[in-house]
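A, B, C, D and E label the chains in the order they appear, each numbered from 1.
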Amino acid sequence: MVEASDDNILVTEGLTKDFKGFTAVSEVDLAVRRGSIHALIGPNGAGKTTCFNLLTKFLTPTRGRISYNGRDITASKPADIARLGLVRSFQISAVFPHLTVTENVRIALQRKRGDSFDFWVSERVLSSLNAEALRLVEAVGLADFAEATAGELAYGRKRALEIATTLALDPEMLLLDEPMAGMGREDVDRIAALIRKVSANRTILMVEHNLSVVAELSDRITVLARGRVLAEGDYATVSKDPRVIEAYIGGVGHG
Amino acid sequence: QAQQPVPIKIGVLNDRSGLYADLTGEGSVVAARLAVEDFGAAAKGLQVQIVSADHQNKPDVGANIARQWYDNDAVDVIADVPTSSVALAVNQITREKNRILLNSGAATSDLTGPQCSPNTVHWTYDTYALAQSTGGAMVRAGGDTWFFMTADYAFGHALERDTAAVVQKAGGRVLGAVRTPFPGTDFSSFLLQAQASKAKVIGLANAGGDTINSIKQAAEFGITQAGQKLAGLLIFITDVHALGLQTAQGLVLTESFYWDLNDGTRAWSKRFAALRGGNMPTMVQAGVYSAVLHYLKAAAATKSREAAGNMAWMKANATEDPLFGTGSIRPDGRKMHPVFLFEVKKPADSKGPWDYYKQISTLSAEQAFRPVGEGNCPLVRA
Amino acid sequence: MVDTAADTTAARGAASTAAQPMLAVNDLHGWYGESHVLHGVSFDVAEGEVVTLLGRNGAGKTTTMKSIIGILQKRQGSIRFQGEETIGYPSRAIARLGIGYVPEERGIYSTLSVEENLLLPPLVRPGGLSLDQIYELFPNIRERLTSQGTKLSGGEQQMLAIARILRTGAKLLLLDEPTEGLAPVIVEQIGRTIARLKRDGFTIVLVEQNFRFAQTVADRHYVVDQGRVVDMIPNADMDRNIAKLHAHLGV
Amino acid sequence: MFELLGVPPQALFGQLLLGLINGSFYAILSLGLAVIFGLLNIINFTHGAQYMMGAFVAWMLLNWLGLGYWWALVLAPIIAGVTGVVIERLFLARLYHLDHLYGLLLTFGLGLIIEGLFRNQFGSSGLPYQIPAELRGGQNLGFMFMPNYRGWVVVASVVVCLATWFIIEKTKLGSYLRAATENPALTEAFGINVPLLITLTYGFGVGLAAFAGVLAAPIYSVNPTMGANIIIVVFAVVVIGGMGSILGAIVTGFGLGIIEGLTKVFYPEASATVIFIIMAIVLLVKPAGLFGRTA
Amino acid sequence: MADTAAYGTAPAGLALPETKGASALHRAIFIALAVALAVLPFIPVIGYPFFLMKVLCFALFACAFNLMLGYGGLLSFGHAAYFGLASYVSAYTAKHWGLTPELSILLGTASGAALGFVFGSLAIRRQGIYFAMITLALAQMVFFFSLQTPRFTGGEDGIQAVPRNNLFGLIPVGSDLAMYYLVATVFIVGVLLIYRVIHSPFGQVLKAIRDNEPRAISLGYRVNQYKLTVFVLSASLAGLAGATKAIAVQLASLTDVAWQMSGEVVLMTLVGGMGTVFGPIVGAAVIISMQNFLSGLGAWVTVVQGLIFVVCVLLFREGIVGVISKALRRPL
């Protein structure tokens, strides 16, 4: 049992998800320390994405409790969780394909204006957000594409845009599902730097297979295998754990 | 004649693409043309033009066309207009614009009742007459217990109500009724209920495809063979044609015209059929001919397009044509002529194509149509 | 730029005189609608070779693969497979010649079970892997045969996408980022698989971001940039050329 | 004997049987729609017109060529299927990469054209078509008179439905079809002739509609609008069953026929709405329909 | 939270240049439209006020529908329900309660909104084709209700001879021309409102939801509330169109609630160009004129209509305005 302390921003107890008799996530106790970068790794099919879906309520847990900032969010709705400051990115890249890059980011910035049901107001009020949006677009290296339609971006750039959009919400805690997947080396380094930068006063929980990134960024690592927690600790500890090596890292680690 | 010819524009407004297209449609236009030809309009100082349009059986479409015809196209007379809801809408507009409606296709007796208008003549038939003839004559012939299969909309309800009243007045009994969804496809369920009621007559208070389907399925379930009679409350010769005698035999129905009534009807119908690919005229088409003919006589007499004058002439003078014989138009707009009860022949008794009916009885105009005082027509309340 | 182009031509010249290449791509242009994405890609692959396409995001690697298999509608130039010009063929005819394709987005069918996904591609040549061999290679798949295809995890889907092509007997395999999103153990396994396929005589074109991995399996590397092949590096020379490669990839 | 809400049990039995017969038409028609929607992602608004064509082709075969009902049962689906193939090649093939909406619109337009042409040629009051001599008459089941023809309809539709279900869900051909639906480009890249599959599938779906049309000709009015009247209900059946679900279309087709039949006894006024009410409820509880797969 | 300082301080003129040009163009089009509406009745042949009123009502209806389809990504197959119910309510209140036109229209619009709220709450929980089908099912219920309550709706006869009472009890609108200007005013106000909705912060979120719903949720948008809002807005405006139509053509009938009407509005939107501001207006004009001027063709009308749809789908997929917009490279 993990003790719920003020230090832990996100705590799960006995989190379990069954899919028609197949248990994808089983009795997971997770505690993410406030302000840390926490990595969730594990072999394919270990249940990482499912875990994310449970945390953000895109799936309903079969059993278990989730609390965030000391508050029980097990029964909250996805949009409300985002409003509490717990925001996710997706494993398969998620942008608004028909909006421009800047507009994509602006949609997120707009959230902070409160619920915009103001359909009688001109969208010109939104131009006050453009400067901020452009700043974020530049930060992820998409300045040249600010006016491009998001759907036409190459895969890696979509991922970058997705991160910019997520950051625009200025969330207290960020869940990143494989932020580096499909990125070129130059982008990996840039995004890693970006994650490091934005982690300043935030908590980040990320799933990532790129072990060099994990090693470089994360303060703490939880290894999942077959839905259960296999090991936990910092990179040095975890990467030496024979069970982890067997189940995940293998003979020679890449990167 | 040295005088300027009087330009007359007649609009034939009916169903040209839907359920009633065969019994009204282009055939009614042909009938109107025959009337112009037979009257020799040109020689009598009338320059007649006929236009036509499809109202798709929708009151809004019909009203729209009528308005445009009256407002923009200088149409003087609208003829035919089947489908009661459309007829009522056009009736309204005709009165508003002060022109003339010669209705042949619609059944609703409201046209000469609460909604009667000085600008409308209801020519061929109406629900009252159908009920009177089919209901009354059937009871007199021994069919004194009835079960109704009623299409579940206002018109179906009206047909049932009128016929049930006649049946009861004639001493018959109504054992039950079932409301069938409109439009429907499968009536077997309802036919079983009708069969179970053991009524001697099953009254079909529906129209068009509903009627055809119910008759077809009644034959399939052996209902007529088992001794019950089917009475169609609104059915036309084109429907019988569509069913085929094998299926329709024994069906009882009322019409005010049949091509094979006499030499006059036969001669005219032969001309009509030649123009219509062999199809015989329906009573509605015959009614359009008769109505247009009478109107042209009025216009020729008054030498004017003016509605009130022509209407007055039409009501004041007897109608005369080979199809309906001699008749008259009442102040409420009702055209008076006899109606006939027919039974559909067995295939063996039919001598050839379109030889479908065996006449059972005739009602005089006065017996068939609602007495002028009973219709709540404001024009004649006096 | 000039000298790299010369390199490529030289390499191609060498390959074509030696023997007819398995796959020869020449001056390939490709479009998505109006947007011109490939600007004259040329490279070739000898029989039994493993070749990678390296390049930054958006360089045109995936588009090149799609052109070879014929999914890209608008393409021009020349693509010869075993000497046969395929540029005008529909993709089914190209596949029937013996080319297998593993798309970047994996292309697992949600309306098919895992087993149906696996058995879907028709056998085009004799000599593909048997089901037992496949299950041995990817044990996860055997456990989930009756699941709906897209219910598999990302990695499992990747394995399934590779597995189903191995059955068909296609001799030329086009693998678009087969290791993306895979755990290192599985990556290793895929590396071994590729090595084994190579031993068995398969020819493989591989798109990779992870050039450390690419290095462990490939014979040669083509570098793609802005819709052109700008360089070719034999695997043996990789270490010497690492700086040049980094420059191309913008690392 | 007990009575249920005033309806004697024999009558109820009769009505159940009639419902089942009605359901046979729903089942075949919705099956055709489900095949086309499930495999082509096209909402085939022409389906009603194609059902109507089946009945008319039967009439033409009889009156122009002297070929009777049994010939029609075989030939009409083939003839209609061939027109379907032509439609697919000429029109639908250009729309697969687009939103469902365009297929819907195109087939809606085609439906109007076909219906209009038949109306011009044959008028709207319909044509006679008799029950074949072999199937005339009926059995007295005690509680009702069961026309032989209706029994035949049930048998024929059950056989056709099961055969179709088997082909699509249980055979290799079926898995090709499903794959081709979901990702045609990739499926083709595996060497499968997707355009051919799709064309044949559409032809087959149209053939099913025409088959139902031939079955209907002897008992329902053969007129150009016969399809338009039934098609909306059939759409509802497909949705309740789960769009694209073959089994769903079949089971719901028969099931709703029965439910509708019962409504006709207990509360006939609602029999036209009952299917839509059921559809609304089902969709609220099971969004993908009773047998639908969630994506 | 330091970033929020950017609010308000950023130069307001940072609007994307393209949007700026487009909105000037749109303003010009709106002005041209208003001028055209003012003089149209005086142009022969097409200037028949009765015909124009019908076109305008359907154009507004199509615009309302397009708000949901083109901008909300929600294909409703039951929009006739709001249009039809509102037209019954306004016809009924004008005829039987003697209400003045503005009140009848307002009540009609409100009934459209209320029905939209009820149906919307049920339907928005579902997506795609299921959404379309559930709206169709709900609308069918309204149809059967209308067919079977002749006391309120007049059954298949409809509510005929709806009076055109004086506007505000003062201004007579009995003549077609006066009525036409009332309809034109309603139309312009309605379309401007729709335009504003599309180009509001709300509209932006709507486009985002249409593009990628899970992503919008993950950003914290309560998408169902947005969908419901646009649903109700669209239903109200459809109601406004229906209510106005009932007074203008003095008839409310089953045609207005039938599923074919729901289909027709889809067609108008597509022929004109969905997701364009002006497309539905053009589409409605084309379809209504076609029905009007082809009615003499008799049974061939359906064939011609069908052909036009097929041609549109095959050759003019973006719709008339969509094609123009593409040629001009400007959103219209």
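The rule we apply is simple: contacts are C-beta pairs under 8 Å (C-beta built on N, C-alpha and C of every residue); 3 or more make two chains touch, one makes a residue touch a chain.
Nothing here was measured: the structure is a model prediction, and the numbers come from that model.
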item: Chain B to chain C, fewest steps along touching chains; value: 2
item: Most remote chain, CA-based centroid, reference being chain A; value: B
item: Distance between the centres, which are taken as Cα means, of chain D and chain C, whole angstrom; value: 45
item: Inter-chain centre distance, chain A versus chain E - centres from mean C-alpha coordinates, in Å; value: 41
item: CA centroid of chain A to CA centroid of chain B, Å; value: 75
item: For chain C paired with chain E, centre-to-centre distance based on mean C-alpha positions, whole Å; value: 51
item: Interface hub residues of chain A, defined as touching at least two other chains; value: none
item: Contacts with 2+ other chains: residues of chain B; value: 17, 21, 152, 182
item: Per-residue overlap in chain E, given as positions that touch at least 2 other chains; value: 148, 299, 301-302
item: Inter-chain touch pairs (all); value: A-C, A-E, B-D, B-E, C-D, D-E
item: Residue ranges of chain C in contact with chain D within the complex; value: 69-71, 90-92, 94-96, 101, 103, 107, 109-112, 116, 119-122, 124, 148, 168
item: Contact footprint of chain E on chain B as seen in their complex; value: 16-17, 21, 25-26, 51-54, 58-61, 63-65, 67-68, 71-72, 84-85, 88-89, 92, 152-155, 182
item: Of all residues in chain E, those that touch chain D in their complex; value: 75, 122, 125-130, 133-134, 136-138, 140-141, 144, 148, 259, 263, 266-267, 270, 299-303, 305-310, 312-314, 317
item: Residue numbers on chain D that touch chain E, as the complex places them; value: 43, 91, 94-95, 98, 100-102, 105-106, 108-117, 119-120, 232, 235-236, 239, 243, 269, 272-273, 276-277, 279-280, 283-284, 287-289
item: Sites on chain D touched by chain B in the complex; value: 11, 14-15, 18-19, 21-22, 116, 119, 123-128, 130-131, 137-138, 144-145, 147, 149-150, 218-223, 225-226, 229-230, 261, 264-265, 268-269, 271-272
